[in-house]
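Below are two complexes that have chain A in common, paired first with chain B and then with chain C.
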Partner chain A sequence: MNEKKSLLRNDGFQTFVTSIICIILGLIVGWLALLIIEPSGAWGAIVAVIKNFFKYPSAPARLKYFGSTLAKTAPLIFCSLSVLFAYKVGLFNIGAAGQYCLGVALALYLAIVKQMPWFVCLVAGIVAGGVSGALCGLLKAYFNVNVVISGIMLNWISLYGTNLLLKPAMDPSGKDTFRLVNKAKQALLPTLGLDKLFSKNQYVTLAIPLAIVVAVIIWIVLDKTKIGYELKATGNNVNAAKYCGMKENRNIILTMVIAGGLAAMGGALYYLSDFEQWNVNASAVPGMGFNGIAAAFLGGLNPIGCLFSSYFITHITMGGGNVDLSHYCAQIADFISAVIIYLCGFVLFFKTVMNGWLKKSEEKKIARARAAAEEANKEGGNA
Partner chain B sequence: MENQYAIEMLNITKRFPGIIANDNITLQLKKGEIHALLGENGAGKSTLMSVLFGLYQPEEGIIKKDGQVVKINDPNDANRLGIGMVHQHFKLVECFSVLDNIILGVEPNTAGFLQKAEARQKVLDLSEKYGLQVDPDAIIEDITVGMQQRTEILKMLYRENEILIFDEPTAVLTPQEIEELMQIMKGLAAEGKSILFISHKLNEIMEVADRCSVLRKGKYIGTVNIAETTKEELSRMMVGRDVEFVVAKEPAKPTDVVLNVEGMTVASKMHANNAVKNVSLQVRKGEIVCIAGIDGNGQTEFVYGISGLEPLKSGKIEFLGQDITKMPIRKRSVMGMSHIPEDRHKHGLVLDYSLENNLVLQRYFEPEFTNKAGFLKKANIRKYAERLIKEYDVRSGQGPITPARAMSGGNQQKAIIAREIDKDPKLLIAVQPTRGLDVGAIEFIHRQIVAHRDAGNAVLLVSLELEEVMSLSDRILVMYEGEIVGELDPKKTTVEELGLYMAGAKRQ
Partner chain C sequence: MVLLLQYTLIFSSVLLLVALGGCVSEHSGVINLALEGIMVIGALGGALVMKFLPYTHGQSSAFVMFICVLCAAILAGVLYSVLLAFACINLKADQTIVGTALNMLGTALATVVVKSMNTAMNPDDHSSEIKYIDAKKAFLTNIGKFELNWFMIVAVIMLVIVFILLYKTKFGLRLRACGEHPQAAASVGISVFKMRWAGVLLSGLLGGLGGITYITAGVSTWKFENGVAGFGFLSLAVMIFGAWDPFRIAGAALLFGLFRALGNVYNGFAFLKALNIPSAVYNMLPYIVSLIVLAFTSKKSRAPKAEGIPYDKGMR
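What follows is the complex of A and B.
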């Protein structure tokens, strides 16, 4: 009994179970919505979402599109790590979206306009995101400006700043920036031979293993190190942090620098893999930063969990692209993945429910055991 | 025969996973009596009151009101049954007037428009009848703690509550105010109200209560008539052994100056005046100096200034002969300053951290707990935490990994004290170190503090607890409105004289 209890009460296990519950609920609600819009295609659509690349009959094709899904997962992992890191320190980094833009901006500008090699572009992108994060952190630390407010404002500034900066990198034939493969080969991320593993998918690059490594590093920093101890203490109780002599303002700023750097790193890596090009007329920040929030929560605010949740969200988003559009309008793919992502936010809620339920059942069990013991006592007394 | 009990809680059992908070507890409150409820921290008093207010449902046992079995599902049920409570921390709206606070939630109105005249008359009548002087139009934040408490009592009376619960009501009062409260309680009982008086303070129980029920570790120990018992008997029931009331200590042998404060002025966050005004004092090795005073007279800011939490407006602090006026907090701590903070939730603990992580809060960066690469040595932290838990008898559900949030207030306090004293500081600043603790724990902590003094260290004690001030300190400095108004020798002064200084009626 002891062992069973410890598994059910194990935080990681609970996160896993509740995440699965959320995913299933999300799929059901998504399916119901499809049923209401157009019943005949609902099942096919939801299957397409779940299947994603499995719809391809040949193994090499499946592998290739699996590679693409991974390529798109990497930036989401960085964004979710950014959100998670700030959240552990008690800050809600909604500015991840803007920091992501800045990462893209610096990376593409240096790649296309200045013809710099990939690592310079990457580092510059990270620095840009870090500076943006630092700005939020400074405002929070010295003027107590809520990071959500400053984050949202900076998102817009970053978006239009990115558009401005990337104008010279625009391919005149469209509204997007040049493909790196045509104009800036030196800035393409190395593939480390991974492309060959995925049926020559050139978008499978260094970014993917790097995302995993960074997730592990974040986990170690938060859980095992002195600096993680300080940052979490500052996040949980800034007064206590000050009381015991931690540099609470430095910790807040440092956290935002790291969070900003992470989001920007995701953006820079993604665009340096050439998978997508930046639309210089974009009027909204890419959803990646916001999806990072969902991925962080679905992953139970655990860096390793983020790896899986980010993959899942990317998987269904890409699967959404395969929905048969003869039944539905073009936005349906985003709609379904949004519904599922939305329900993913309920992980913490379900965890609370689950703990309450566990507590109740345990109380009952104790009561029953006690009643039985009393019964036995009575009988013993009578005999 | 008419039922003589206003409320009866019979054979109440309430279990939480792994712990029986109330084990077959019976509490019978007679009509018109003052019934004290005495017990150590974690004895189950709060749980029992939560059951009475319907916040918890007991697994076993029944509650009777006037002999009838009642079911209390939530606090509203309790209110309907005429049960009211004055909480330890008042539940008043600071920027509302006394009258507004009293009628809050039961505002008399016609079609949504307040009808205050009638309420005002009722409040005035009540305050006259029970001798509860208040100014109905005064704003809560402007009045004394004593008047705030009277407002709370009037709140219960306005709602025509018959059963009045006082949760540690004297903790925040001056001796004079305590005396007044005792008279008020007696008056209420004489008018037929039934009073449940939750307290640690044996003197007060002896003075005011008719009967006393004692809980220990969740179990019901017994109910005694106060007229037939003694203080020693009560404390034995509560703790399960004899307790020393007087702190046994040798006369102080002060030597070198450890802390030297000159002309310290600290700004106030609340008002334009300075919270601490030009205070100078010295604390020497081997003595316990106590700052006495009523809450809010600048003691908090004074300690913030010394510990580095607030910058000084002017003045100078020397610690061990070194000017530390502008030194960061961490450096002061490493030099040998420990600070048991006044507010354990605000400063003392990271509530979401485990007990072990809280126990190393002042030392986590030392080589014992962090290696050169910056990784925490978790095995050492665990070992250290286990030692402190054992030495200081810090009780918790899961030992070192218990979240601090899940521990009782008294044990949270013990954890902080363990952490601060174990650092072996040259100067121990202890602000209200025994707040909310029971006699057993207080005795233990007082002995620790005296032992720390005897080991040749300096102790600066800030306390609102007069008994503690009188028994523990070697020198008393009274703070009133940010100034030191008197220096007293605890052996040559009385509680009454001290009270006069604290209330600003006397100064040297």
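What follows is the complex of A and C.
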């Protein structure tokens, strides 16, 4: 009995439960929306969203699309780690989307126009994101500019900058950049033989194991090292950290550099795997950065939790493409993930309710035990 | 030149309306990052009326159309801001997360609504566009070459109303007290919850108006997948630059509007065209300017002191 109670009181477990509640409520809202649009196929559509690649009857096909889902999960993991890392230091990195763009920009530019090998492209992409993050951090540390606002401004600047830089890399037959397979084979990410595990899906690359390794590193840095402790202390109370001799401005900038680098790494790795090509006329900031926010909070702001939440969000987003398009649209998945983050804002509230409920039931139990003991005492006294 | 003036004024009106919304909300103590989403939903409300209300230019009453669109945008904006108010005030949720979620939700919701509506009417139509070429003419009056959009006048009226409301009424004083020191306000019998609800709902009203103004500025069809291109956030930059003061915000909005308008009309100026700068640079311009301006104005911030902090009765 005691063990069960301690599990319910465990913060990590509570976070897990609240995340599951958010997911379930989000799916219910999504289903209701589908019901309103067209009642007859709503159940089928929501099942299609949840099933994603399970809809394929043959095992190799399922494996192949599982591989594609993983390939799309990797950049999301990086973006969510970027948001998470900054959030732990009290900064809200909404600029992840822009840093992701810059990672893509530099990586593809060097790959296609300059014909560089993949690791050079990757490093350049990470540096570009880091510089953008540093700018955000500098503005916060020395000019007190709200990171959310500067992040959004940098998102748009980065988007147009990326379009500008990648114009020479555009395939004249369309609006997208060249496929790396055709124009820059040397820049393709190595697959490490992983492609063979997933029915020869060539998009399953180094990026996936790397994402997991980076998540573990971030967890270690944040929870087990001095620098991680300093960064978190700065996030909790800048003045207290300063008083303790920590360099608060350096910590803010360093955090944003790391966060920017992470998001850019996601972008660079994803586009170097050749899964997608950049549309040089893009007029909207890619959703990956914003979904990173969703994944970070759904993962309970834990790097390992982010691995799972990122997978889940990618899973339903890709599942969204499978709905019956004669009635519904694929954006229903975006709608569901937006509802889920909205609900994630209530995590604190859910936890308070849960703890209050636990406390009440405990108090009742204690009161009952006390009453029983008194009863026993009385009886004992009588005898 | 006239074209530049026209675009500057219309974009400034959008920024002014939305920034005033942010201003009212922040004076009550709630940071409204969801303005972007509120704009999208407000625009959706107005666009739906423009699509379905029968209107032939020159015959039907333009005024009725205008009022209906106005009310629909306001209603949609206010209803959507209820989501923010409930989460941030009653459930004390993190205002940044909820704001961001509502921005994503706004675009996703509008896209789903418009797409499913288009698909229901024509099974082959999977676009997220609403066209309102005819209906839009209801709000335009030509004065010589200058095309006056009625929403420009609405923006000016709103500026005056917000100023009077915030600084000349009892309500405004109470609202601002809740943003500066909610506990002190509560101690003299002001309901902080009610005031903050009022602040957020008013910002929903202004944000919705801004949204409908934005999608009728210069274009007559709107693709809801694109949202409102960061205008909600640009408005927040305008608000910070305007130091949370309605008239300074108006000045800031004019400046930002000018840079935004340049991107639309730079082709009309021989000397700008001769410079041969790619259009992407003009697109970046308002955002770059806002970053630079923020760097110089954020140091001594005049933000309401209690903004962003959920009100807790127990804290004194």
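Note that the second predicted complex is superposed on the first by the 359 of 383 C-alpha atoms of A that agree within 3 Å, B and C clash if a C-alpha of one lies under 4 Å from a C-alpha of the other, contacts with A are read in each partner's own complex, and residues count from 1 in each chain.
Note that a contact is a pair of C-beta atoms (placed from the backbone, for glycine too) under 8 Å apart; a residue touches a chain by one contact, two chains touch by 3 or more.
Since the structure is predicted, the reported quantities are computational estimates derived from the model, not experimental observations.
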| item | value |
| --- | --- |
| Chain B versus chain C as contact partner of A:Leu63, first or second or both or neither | neither |
| Greater residue coverage of chain A in the superposed arrangement, chain B or chain C | C |
| Chain B versus chain C as contact partner of A:Val123, first or second or both or neither | neither |
| Touched partner set for A:Ile304, first chain B, second chain C, both or neither | neither |
| Contacts of A:Val47 with chain B and chain C, given as first, second, both or neither | neither |
| Touching partner for A:Lys226 - first (chain B), second (chain C), both, neither | first |
| Chain B versus chain C as contact partner of A:Val113, first or second or both or neither | neither |
| Chain B versus chain C as contact partner of A:Leu192, first or second or both or neither | neither |
| Contact residues of chain A, present in both the chain B and the chain C interface | none |
| Contacting residues of chain A [partner chain C, same complex] | 33, 37-38, 92, 94, 139, 143-146, 148-150, 152-157, 160-161, 163-164, 283-285, 290, 293-294, 297, 325-329, 331-332, 334-335, 337-339, 341-342, 344-346, 348-349 |
| Interfacial residue positions of chain C with respect to chain A in the complex | 33, 83, 87, 91-94, 96-98, 100-102, 104-105, 107-109, 111-112, 115-116, 119-120, 123, 126, 128, 225-227, 229-230, 233-234, 236-237, 240, 278, 280-281, 283-284, 287-288, 290-291, 294-296, 298-299, 301 |
| Residue numbers on chain A that touch chain B, as the complex places them | 224-227, 229, 232-233, 236-237, 239-246, 359, 362-363, 366-367 |
| Residue ranges of chain B in contact with chain A within the complex | 15-17, 59, 307, 309, 328-333, 339, 341, 346-353, 357, 361-362, 364-365, 370, 374-376, 378 |
